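These notes open a run of structures that come right after.
Shared between the two complexes below is chain A, which has chain B as its partner in the first and chain C in the second.
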Partner chain A sequence: MGAPGRAAKAARNTARVRGKGFGSGPASHPTTVGTVLNGALMVLLALVTIFPFYYVVLIALSDYATVHKQILYIFPTKINFESFRAVFEERTFLNSFLNSVFVTVVGTAYSLLISSMAAYALSKDRVPGHRILFIIAIIPMFFSGGLIPYYLTVSAVGLSNSIWVMVIPAAITTFYLLLMKNSFDDVPKSLEESAKIDGATDFTVFFRIVLPTSMPVIATMALFYAVDKWNDYYLAMLFINDLNKYPLQMTLREILNNFTRFQGTGIGAVIQNQQTPIVYTRSLQMAVIVVATVPILCVYPFLQKHFTKGIMLGAVKE
Partner chain B sequence: MAKTRLARTLFLAVLSALLVVATLAGCAQPTATPTAKPTESADPLAEHMTLSIALWGISSYLPAGTIDKVRDQLYEDLNIDISPVNTTWDDYTTKIQIWAASKQLPDVFAIDAVNTEYLAQWIADGIVKQLPSDYSAYPDLKKIMDDPSNAVYKYPLGADGKWYSIPRPNYMDGGWSTNDYAVVLRKDWIANLGKAVPTTFAEFQDLMVAFATGDPDKNGTNGDTIGLTVYDASWLGTLMNSFEPGLTGGDSNVWVRDTTGANKWIPAFMTQGAKDGFAAIKALYDAGGLDKDFATIKGTEGEDKFMNGQAGALAHGGNPGGLYGMRVKFDQLYSGKNWDDMFTIMYPFKNYKDGKYYRYVANSAWSESYLNADVSDAKMDRVLRLFDYLFSDKGNKLFRYGIEGVNYTVDGSGKITLIPIKDGAGNVIPISKVYPITPMSSLTQWSGTGSYIGPFVYPDIQAQSKAVLDWWMANSESMATDLRMGFIDYASKAKATALFKDDLVKLVLSADSNAAYDTLIAEYKAAGYDDVIKDANAKAAELGIQ
Partner chain C sequence: MSETALKSKKADRGTRWRSLRERIWYNRGIYLFFLPALAAYLVFTYVPMYGAILAFKDFSFKLGILRSPWTSMNGFQHFYDLLSDASFKKAFFNTVIISFGRILFEFPVPILLALLLNEIRKNRYKRFFQTVFTFPHFVSWIIISGIVFNLFSDSGVVNGILVTLGGQKINVLTQPSTFRAFLYSTSIWKEAGWGTIIYLATITGINPSLYEAAIVDGASRFQLARYITWPSILSVVGVMLILQISSVMNAGFDQVFNLYNAAVYDKADIIDTLIYRRTFVKGMDFASSTAIGLFKSVINFAMLLVGNFVVKKATGKGIY
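Here is the complex of A and B:
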């Protein structure tokens, strides 16, 4: 290879190296077969990722005939909002939505407060018995007390049929507690010591030094807790009998169950003179998925910037 | 400095107190429900009572703060109010088992628990209340409890001939169950092929093969359609009717009297008719008349194939409830056409041995109601009066049609005509929206009988279905069985594990169904069915079941 060839190769290599940096202009991205293949692969991956969501929305907006008259259904040929109407017209929908918002907001705040305080205490060697407390905190990750004792305990403290049952007994998730503890372990001791020298108490150190410097993990845990609480239906299923106290997930499940039974073939499915609205069951299922998912999806963008950093915190212990 | 420290200490104390108060606020004890005392008055309804009832969806039937004249009339007539304890179709078993274990059962609860180990345990532990044997004070409830097809509920595991539950029947006559199993045909396809509705199994097989190989939908392509598809493989039991009527419902726990040998009770799947029926279905499959996917079809896949025009026949229910799902789809797919022009229910075939028609007889109840053992006798009396009321003609009409003169009228012949209430746009408002309590009729019964004889959403399928049912009742005799045999408790009952659907799939997909059947029966006998038959017959003799 001659000198011009070497120079051209060097220039290409330089362009490649430059091209790896963020913000490099289009001129530094020569189109190669690899780039095209890479782009195609990325587009394909994006399609594979996005298509299920697209299909959910597509079916949610379709009626039975539209879907079943076509073997492959990719593009909407007729938009039908009956499924969403069936969901939104449910008498308890708004109430249950507000219940879920309450449980998610209050429950997340409560869980974060309790979990972070507990994690901070467990991260301090000077707390008497912290190792034993740590082991006690970990045990529920592997062993459960059993459903009946749990039910009896929660009932005995008067939480049955109360919306607080979704907030108080579920205040701490041990795994999240561990992540927080590991993160707090990494806060330099010198920071706390200097604050102490300036007269700060443990609470001052925790609220004014440790928490602000741990925002990534706090934001990540907030997202985890919020998603958990938004999706939770099990505690409500066990303890709540009053429809007005149902979270959204329970109400959506009820809507789906009722329509499936009325329009399916289960025993007693037909009650004459009831005339339920004609809604395509699969469309209703998809509408329920959309309604259940979209509100919590809206939280992600606000916490995304903390998320990647937060989840890595505490992962490596040096 | 000291002041600052005191302020900090105070702040921390207040913060801690707030946390504790916030936690305890959520833990406030609920108000205790007053317990009703037994009535001492001569009027059994003199004392007001609150009945807590757990039923699927009951909270939505009794929303607080709504006007409901049907609810008010019920409360007034029985001097009660109801405290709803909601269960859903997904969680009712779990919830009720937890309540039972924690002694927190409501007064009345609905569940399907017959022949379960946990019901036997509830009875043994005194968790559920034993009901009276004399129902003369509750005449409409008495009719239900005296019905032979419901009386079987005295015999499940642990009950030992005593009443512990009130069954929730679908029909007032167990014989009506026969029409729950049928084959629905594409009438227009039959006409397109120039054939007739089959009257024998051979004609049926011929038609199904013609559907699968010909061009019944006139799309110009042969062989792109299916013959018979199913809602689920167990619905192929309907084809067993002309061979072994006891398997019509796809249930291996049906017993028949075997008079060919030792004159004893045997499971219906062990008869010669069963063997021949399995062979016939296999022949249908081998000839290409049965959907190749029959073994794995679930949900509404089969119904969708049929309604979309991919299949010419569907094994499913022939009752209005069974046809309802199809009829809903028909409206969406075939707008402007008549149901009767396109679809018909196939009438039964004669028994392949004696040429008679045998109707399947089943206990039409599904699920039952139990009372908490802590319920007082006075409260139990009120609960039984509630059931009696809902079974009565008055209660039935009130809960199904609303208020007489407002929501319906009855002419001299007893025919009911609904008076629809419409919204501003002219749409009929369902009765359950006008009176939210009305679906609570499911506390006592399902709507099977009403779907045949009362006003119905789709008169065309109701008329079609009723015609077949009437034909059954006029032209067939009951199959030879005693429904108690499926309920009685005996030592080896746990070994009776055969499942019709699994056996059917295994035999149809085998190389030789007759040889496979013989092997299957030998395996069942070796696995304990010899003991099952022996013990069941001994128990039947003890109870006088012949």
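Here is the complex of A and C:
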């Protein structure tokens, strides 16, 4: 491109810049083939992301005969809610659903409470021994005793085969704690100090001033913890062997991989019965997946807008 | 920052004259705030760290960790045994290969995706795509395994398409030769969108006047990305790389455990899955599994130091 062309382009760009005001930089360039291609690529990737979920719902709502008649089944021809009915009539399933709700609600509250309190303590660098506390919190991020000692310790504490094993041992995710700490660092110290001069305790300062001013981060961390608790199966797999104490994910895992454990139950009977199927095995599995995913889908869009803000406040600091 | 720093300094001045004991007493409330977390850390991370001495012992359930006798070879018997343990060696190499495969194939994707998302002009669309791409991160690997089985099973949509196009059915789940690629691609599908958040947050923080000046000088969009955006996120890329390198011995238990099966053990069995199977499925010796776990932790920690050193040299900023 020659110099005149470049100058013209620069002038055009400047005009654009002036016209639109300055948002994010690259947004001020004119539409090009690149922009269109990029948009097309994004749409394609979005489809790739969404399609598997769509296909889950599709199969969950189909019946055996319909899927098997067609080589390629992509659009619903017949909708059938039988699998959802079978899932909800199953006591083991409902039970584990409630277990997961319990673990998620209680676990998130507990995790959020002790890690935000610790984060607040760590944000006070004037406190003697601050560095030691910080190092105590940091080390577990990079070093662990390994699975077996952990297993033996948790068993020794007496949490084996108790639903609390999903709440108490893995209560703190150090990474989340640090995000909260960084965000608390930004709460104006003058606010806290003036409250203290007025006779407020650290306790009041924390719950009345620091927490409310850090709401985006707290909301984000609550979501992260909640999703982690909802999705956790590892602790249950290690420590719980009573089917009635299983969280949803563990029941789901059994339904996907290990039908034999469910033979005595209602779902097992339905699965066994697949030669004369009212309900298609895979529809049943997919119905369980839908039920396990919907709660996340419900909270996700509302909190999604906080992520970037929450992470940005917490993580990206020089 | 400077304003708050000044104010906190002012506040500090009141406390500076106090003796250490008085300062500790003055801040007693703050220590109380840390107490529950301290208890949790001590019991559930530091006690197990100490318990890792089991790696040097012959474990007996009756005696417990502390009173079990030391192994021969000055306690290193279990480690020595690992040298001739074929399935451990297999798992070790699989772990290393898969981890580096992840760095090679998975690590760059969120960076690229963030740069592309950043090129979208309308914030509304940008947010929409971000919302869509991030969602799979919040779904567990158990659910993803179900979704994947559904897609790739014999009567699933992928084979449906292949047959419709006149091809052969495939089974990626039990095909050893493609299984690692399958791991990388499912992981990208699930985590790439989530990975963009930190980069996009960094990009948002770039001073707009940099772009303004460059546009006036006639920079193309590619040049903007190459000479302004990329250098601005480089240090964050470095930090993320260090974190990735320091978990080289992990290789993603959650994913592998939920997707693998006996047909692909040869390519996919990693150290963590081996430990799990040995200890909780086969019921082998606890002590030797502890030794493997300790070995893993030590290497991870060493990789953290190495990674931090290298990245600090290259980008000028590490994690400490």
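The criterion applied here is as follows: the second predicted complex is superposed on the first by the 210 of 318 C-alpha atoms of A that agree within 3 Å, B and C clash if a C-alpha of one lies under 4 Å from a C-alpha of the other, contacts with A are read in each partner's own complex, and residues count from 1 in each chain.
Assume contacts are C-beta pairs under 8 Å (C-beta built on N, C-alpha and C of every residue); 3 or more make two chains touch, one makes a residue touch a chain.
Fair warning: this is a prediction, and the values are worked out from it, not measured in the lab.
Of the two partner chains placed around the shared chain by superposition, chain B and chain C are both touched by A:Leu152. After overlaying the two complexes on the shared chain, residue contacts for A:Arg253 are found with chain B and with chain C alike. A simple residue count on chain A separates chain B from chain C, and the partner touching more is C. Of the two partner chains, chain B is the only one touched by A:Arg91; chain C is not. Contacts of A:Thr281 after superposition on the shared chain: chain B is touched, whereas chain C is not. Within the superposed three-chain model, A:Leu243 lies in touch with chain B and out of touch with chain C [touch as defined at top]. Using the contact criterion defined above for the overlaid structures, shared-chain residue A:Ala65 touches chain B, although it does not reach chain C. In the superposed pair of complexes, A:Asn161 makes contact with chain B only, with no contact to chain C.
With both structures placed on the common chain, the touch criterion links A:Ala121 to chain C but leaves chain B unconnected.
Residue contacts after overlaying the shared chain place A:Val105 against neither chain B nor chain C.
Looking at chain A, you'll find residues 68, 113, 147-148, 151-152, 157, 168, 201, 203, 238, 253 touch chain B in one structure and chain C in the other. Listed in rising order, the residues of chain A touching chain B in the complex are 63-65, 68-69, 91-92, 110, 113, 147-148, 151-152, 155, 157-162, 164-165, 167-168, 201, 203-204, 237-238, 241-244, 250, 253-254, 257-258, 261, 263-265, 267-276, 278, 280-281.
Looking at the complex, you find that chain B touches chain A at residues 8, 12, 15, 19, 22-23, 25-30, 57, 59-60, 63-64, 84-86, 88-91, 94-95, 98, 101-102, 104, 170, 231, 300, 303-304, 307-308, 316-317, 320-322, 324-325, 328-329, 331-333, 366, 400-401, 418, 428, 430-432, 438-439, 441-442, 446-448, 450-451, 454-457. Taken together, the chain A residues at the contact with chain C in this complex read 6-7, 9-10, 13-14, 17, 22-29, 32, 34-35, 38-39, 41-42, 45-46, 48-50, 52-53, 55-56, 59, 67-68, 70-74, 113-115, 117-118, 120-122, 124, 126-129, 133, 136-137, 139-140, 142-154, 157, 168-172, 177, 186, 188-190, 193, 201-203, 206, 227, 230-231, 233-234, 238, 249, 252-253, 256, 282, 285-286, 288-289, 292-293, 296-297, 300-301, 304-305, 307-308, 311-312, 315-316.
For chain C in complex with chain A, the touching residues are 4, 7-8, 11-12, 15, 20, 23-24, 27, 29-34, 36-38, 40-41, 43-52, 54-55, 65, 113, 116-121, 123, 125, 127, 129-136, 138-140, 142-143, 145-151, 153, 155, 157, 160-161, 163-164, 189, 193, 197-198, 200-206, 208, 210-212, 214-218, 221-222, 224-225, 228-229, 236, 246, 254, 258, 272, 275-276, 279-280, 286-287, 289-290, 292-294, 296-297, 300-301, 304.
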